[in-house]
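Note that chain A is present in both complexes that follow, paired respectively with chain B and with chain C.
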Partner chain A sequence: MTSALHLVAAAAAAGEVTTGEKAVFFILAPIALIGAIGMVAARNAVHSALWLVLTMLSLGVFYIVQAGPFIGMVQIIVYTGAIMMLFLFVLMLVGRDASDAVIETLRGQQAWAIVLGVGFAGLLGTGLARVVGSLKVVGLEQANADGNVQGIAALLFTKYVWVFEISSALLITAAVGAMILAHVDRSLRDGTAVMSQPERMRARFEPGSYPGPKPGPGVFATSTSIATPAKLPDGTPAQRSISPILPTRELTAAEVANKQTEGR
Partner chain B sequence: MKPLAQDPTLNDFGHDPWWIVLIKVVVVFAFLVVMTLFAIWYERRVVARMQVRPGPNRNGPFGLLQSLADGLKLAFKEDIMPKLADKAVFFIAPVISTVCAFTAFSIMPFGPVVSLFGHKTPLQLTDIPVAVLLVLACSGLGIYGVVLGGWASGSTYPLLGGLRSSAQMISYEVAMGLSIVAVFMTSGTMSTSGIVAAQAGSDTHWGPITAPSWYAILLLPSFVIYFVSAIGETNRAPFDLPEAESELVGGFHTEYSSLKFALFFLAEYINMVTVSALCTTLFLGGWRAPWPISLWAGANSGWWPMLWFTIKILLLLFVFVWLRGTLPRLRYDQFMRFGWKVLIPANLIWIVALSGIKTLQKSDWDGTKRTMVVVGVVILLLIVALVWPSKKEPEKLTVADQIAARPDGSFPLPPLDLVVPVNPRAKRITASREEPVTVGAPDDSTGPKEA
Partner chain C sequence: MKDISLPHLNYAALAPMLILFGVACVGVLVDAFAPRKARYPIQLVVALVGLIAAFVAVVLRAGKVTAENAITAAGAVSVDKPALFLQGTLIVLGAVALLLIGERALERGGPFVAQAAITVGSDADQRQAARESGATEVFPLTIFSLSGMLLFVAANDLLTMFVALEVFSLPLYLLCALARRRRLISQEAALKYFLLGAYASAFFLFGLALLYGFAGGITFAKINESAQNGTGNITLLYAGLALVSIGLLFKAAAVPFHVWTPDVYQGAPTPVTSLMAACTKVAAFGGLLRVLYAGFDRVHWDYSPIIAAIAVLTMLVGSILAVTQTDIKRLLAYSSIANAGYLLVGVLGNSALGLSSVMFYLVAYGFTVIAAFAVITLVRDADGEATHLSRWAGLGRRSPFYATVFTVILLSFAGIPLTSGFTSKFAVFSAAGGGDQSWLVIVGVVSSMILAFPYLRVVVMMWLSEPGEQTPSVSLPGMLTSAALVIGVVITIFVGVAPQPLLHLTSEAANFIR
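== the complex of A and B ==
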């Protein structure tokens, strides 16, 4: 598959549309369109995200076919690999049953949206077709002269370095802003203090709360009765080894006394 | 050693007739499936060896057919579809995983240009100018299988596994991508065959010593970070949090059975082979023979390189198994902290340092200026090291001090001079043996002879 793409890419660099490129376009364009429509039409948010992934993948292949292998791969890695994965992460946190409300809040909104959407697409499509249809494509060979990646790098670090830096600053600002806005002081929950993990760990081993299993009654004791407390390593009786509902039983003097049963 | 003429370049690809392409596709497919079957057996045997037990040894010589039998058994098991599952997504998730795993291997260079039925063709399915990015893209898409499988199962544990997997993938793919950047900077190409050719031998000589050519040595920090993040990417121990069996039953594949589970299993092992193969290609000289073998003139020509390539992959797979047999699973927050606060910053610093070195090498400055720059950087580092706040080591207490420091109400300790009375039954047991067995004693002279 990829070697075919390689041929196609080589041909595209020469400035002609090959059969392979046409075939790829006519197979993937409907798929990309179905993905886009499916994204809007799907009720389930995760299904929407998956349809969008399909569209993005098709776009990535289009870029590769049009002699832009780097941008195609970056489209797949960054958009489908990272951004959509973040979307999915959030959607999954929200829960799998969350789906859009079917009730229309604005009456007739869906019908109007379809009419206007199709109209806009028609206008845009015809406009683009009129402009691009008779256009002769030039300059691809020069742009990719030293290789596609090298060409992009040269542009990014010379002509567009300022734009590139500004957009990265914008992204960082957005990320920091999102973190500040979404930050919740976690030391308090519902007004009560929440212990941090190290604090909880220390509390677990504090005197009086031994984290190990309780010794069973009768362990290392002189009797196997469940009323006999286990002995701790220093020999003291472990009171918590006995069930609290067991009554403490002490023998009366009469019970302790010799019953005189021998030699009858 | 200069790169040989038989080294494939990007221009050598895309000229094969269709039947050679078909042969290569089938061979890559077969290689991956056989490697999976072998790797499962290999892992079980190696882990067994580490745990002093035999491992699978019943089916076939040395138990080699065990994984084949297991695979067949899996295929014939009942396929269970949970009632709450999202049917379409549940079905497609393992397919995504497997397809991506297979696709990533299409750019792995197995060897130089060979003659195949009279055609000169490189031992590699294809190569593109951005080949390494293709592997990253495939591993990024492959995670969709895991995440969607977890989500579509309609059950809690798989969902948690899927969530963990997506977070893990986003974090560790960044570290992985950054570690590859250093390789791109040094080799000047992203095509796998080009990277292998760049590691063929270096032109830099320091007196009699030739500079090492393997990027594992030249770019050691990148190599280490790549391998660590590769383990995170493939969900292997100690980073196997998406399928942590002690917390999440089976993680994302809890609800999967039969052939769908087998596909997930296949994808995981293929991913292991793929990251090992990529590691070999990027850092360990690819299909080229290592030093003692490379003295033999024919080592890097013909079909031999396939053998070196496979041996290198198997050695890396051994490290995977070794880690699994040695390390306990990380806690989730430790795992995330390690990725974001250790791997990525270290990687960034290393890339900046490497670009500094590259710029210095390319500059037309004379020796004094270069020395001054290097000395300046060293002084700067020393100042930083001096100013860096030092962490105070807690002073070490003796056992008696530690006991004295325990607050009242602590769990009681036995007295330190406690003499444990000899078990009356122990005597009878040891007396029946010919030689007393000393367990835990440093040597026979101090151990109890008869007790």
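== the complex of A and C ==
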């Protein structure tokens, strides 16, 4: 493994592309592209995530082929292994049937996006292709002199140590943010703060609350529908008798009228 | 294998950032362990004390900084005079915005929602809107954002700048989503800002990679050196600079990267809008100045026409669309876009004068815009802030004092003499004139004439219309909002009447160290 890596590194340092590298590239590059397109085009979120996994795996192999074993393994273990799998878990938990509505709110937005996107990609792609062809690659051997991992460690803990430390702020922010946007305090969710027994007692008999059982729909009612409120003895509708999720129903005159059962 | 030793970290230079990071972490811990009732006062005091301490650290450092000791952390950070000036500005503006964020007298529980995760419109949401006090996580998030901004204006290489960009953006995305009233547009604003911001960051990162290909390094010194020697591929330089600039101009809200601005300014809680309008502008232009002046000084003839075109577009689009707005927050958003255009004009001065005039403009605009949003938080009815312009008609009759204050602010935005708006516009336009960009100055003056129209229309509406049934009352501000308002207005007038001290300070500070 190491000797193979050294060979790859030496070839890359000399600016040559070996046959093996070419073969790997031409097999995996279309796969990576198909994965990327599939990720955008897939309707189902789980399929999208799996397409992305494909792209990431291909990228990981590219990194390794280009003499960056550390970044390649990190790509596979952390991105593909950990992050994407977490992503899938969350999708499964939330429910994968929630497909998004594809409604264009801006007229012609998709067409324009495709035209401009392809144009931009073409511009950047051709520009870079011209440049990179004539570019001389230097410094890979020095960078990998003590080994790839050691080289990265040296950069991380000398030149970029401040940035490395600062990125912890990013992680804290992300954790706090996830908590703010996802966590609901129990007391608010259930609508009951944690109360002691006397407090609960007092709340139960406070003016405005109704300690007795709620009237069921249909008691003194004029209709059998559960959306029809019960009538209180004075004839007014009892709103508490219907479930809050039901829309208030307009009653017809016939339903409002008393059914002449009071006994004349 | 070679030894790895920690590079020299100049803790005096890094102190402001370290203090703010520490304070933010303390804030997170307070939220975790303090009892619910005690959190708000503790958070407010901790945040304000932290900002004061950081400001003291900046001032102490400003006395000792030289060209030799400015660069630290193995060349990753350059705490030079412009950086210190901008850091000081950020801290003061951030503190004033924090006063608005901490205000709880205007509305029960403050301007932030208690539990952002509760579904909008549900029973639990109505319960929490009525009685719960707002989330206190906003304080550490604000401080995290400010500390990222401090690093952003002091970054000496593009990678540090990128991480700083993320550190200051991420909390802002979150803060946008936490409005107590009209939560749906608040969440929409946050999502829009987040998606577009992530997109802009990706452009920045791509440009960074290309510039690494050009120079073989990402420090500004290295890029400048390669550009000077003509080594490296010029196409990579242009492509890289273009992509990095897109990332920065997005944050600065320049046309055509401005589309997020009105929606986000309108949807975000007003105190957060004030933080974004003042501090994000300072950070974005601080970063842009450093990239263009310290990194790409040698190619300024190449990028000037493009930045100039963007500046013209920004000024015209911002001012013309401001005329058509019917919501005061959207109006100020478009005005903020137009102001980004004026700042770009100053950037094109491309000299010490350009640098100092932009810094002057940032200070002047920052305080005025915070005061403007402070007034907006006060004009409210039973449903929260009344931001539709028609509701402001006749406000002058109902509460003359606040209408006067807002008139002064709008006149400053319009650039009337004896306000900071006039002196700062004068400064950037004269810097651009000095840099042979006279045609830009002409466009700038024309666009500020267009922009004066919507401002003056609001003034006329406030004073010359009869108050109707719809005219909301102006709430009595709490101590914090009063303080923010007083600071904003006093500095607006002071910088307008006596700009010398600030001009002196900015021209003293105008020299980047790579």
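Worth a mention:
Note that the second predicted complex is superposed on the first by the 169 of 264 C-alpha atoms of A that agree within 3 Å, B and C clash if a C-alpha of one lies under 4 Å from a C-alpha of the other, contacts with A are read in each partner's own complex, and residues count from 1 in each chain.
Note that a residue touches a chain if its C-beta (ideal position, glycine included) is under 8 Å from a C-beta of that chain, and two chains touch if they have at least 3 such contacts.
None of the values given here were measured: they were computed from a predicted structure.
In the superposed model, A:135 lies in contact with chain C only, and not with chain B.
Using the contact criterion defined above for the overlaid structures, shared-chain residue A:233 touches chain B, although it does not reach chain C.
Of the two partner chains placed around the shared chain by superposition, chain B is the only one that A:80 touches, whereas chain C remains out of contact.
Once the two complexes are laid over each other on the shared chain, residue contacts for A:202 go to neither chain B nor chain C. Shared-chain residue A:124: touches chain C; no touch with chain B. Of the two partner chains, chain B is the only one that A:149 touches; chain C does not reach it.
When the shared chain is aligned, chain B comes close enough to touch A:50, but chain C does not. Residues 147 of chain A are contacted both by chain B in one complex and by chain C in the other. If you check the complex, the residues on chain A that touch chain C are 124, 127-128, 130-132, 134-135, 138-139, 146-147, 150, 153-154, 157-163, 166-167, 169-170, 172-174, 176-177, 179-185, 188-189, 191, 244. Taken in their complex, chain B has these residues touching chain A: 13-14, 16, 21, 86, 89, 106-107, 125-130, 133-134, 136-137, 140-141, 143-144, 147-148, 150-151, 154, 159, 162-163, 166-167, 169-170, 173, 177, 190, 333, 406-415. Listing the residues of chain A that touch chain B in their complex gives 1-3, 5-7, 9-10, 44, 46-47, 50, 53, 57, 60, 69-70, 73-74, 76-77, 80-82, 85-86, 88-89, 92-93, 96, 147-149, 197, 207-208, 210, 212, 232-234, 236.
In the complex of the two chains, the chain C residues touching chain A come out as 1-2, 4-7, 9, 14, 17, 21, 24-25, 28, 73-77, 114-118, 123-124, 127-128, 132, 135, 137, 140-141, 144, 147-148, 151, 159-160, 163-164, 166-167, 170-171, 173-174, 177-178, 210, 213, 216, 233, 235-236, 239.
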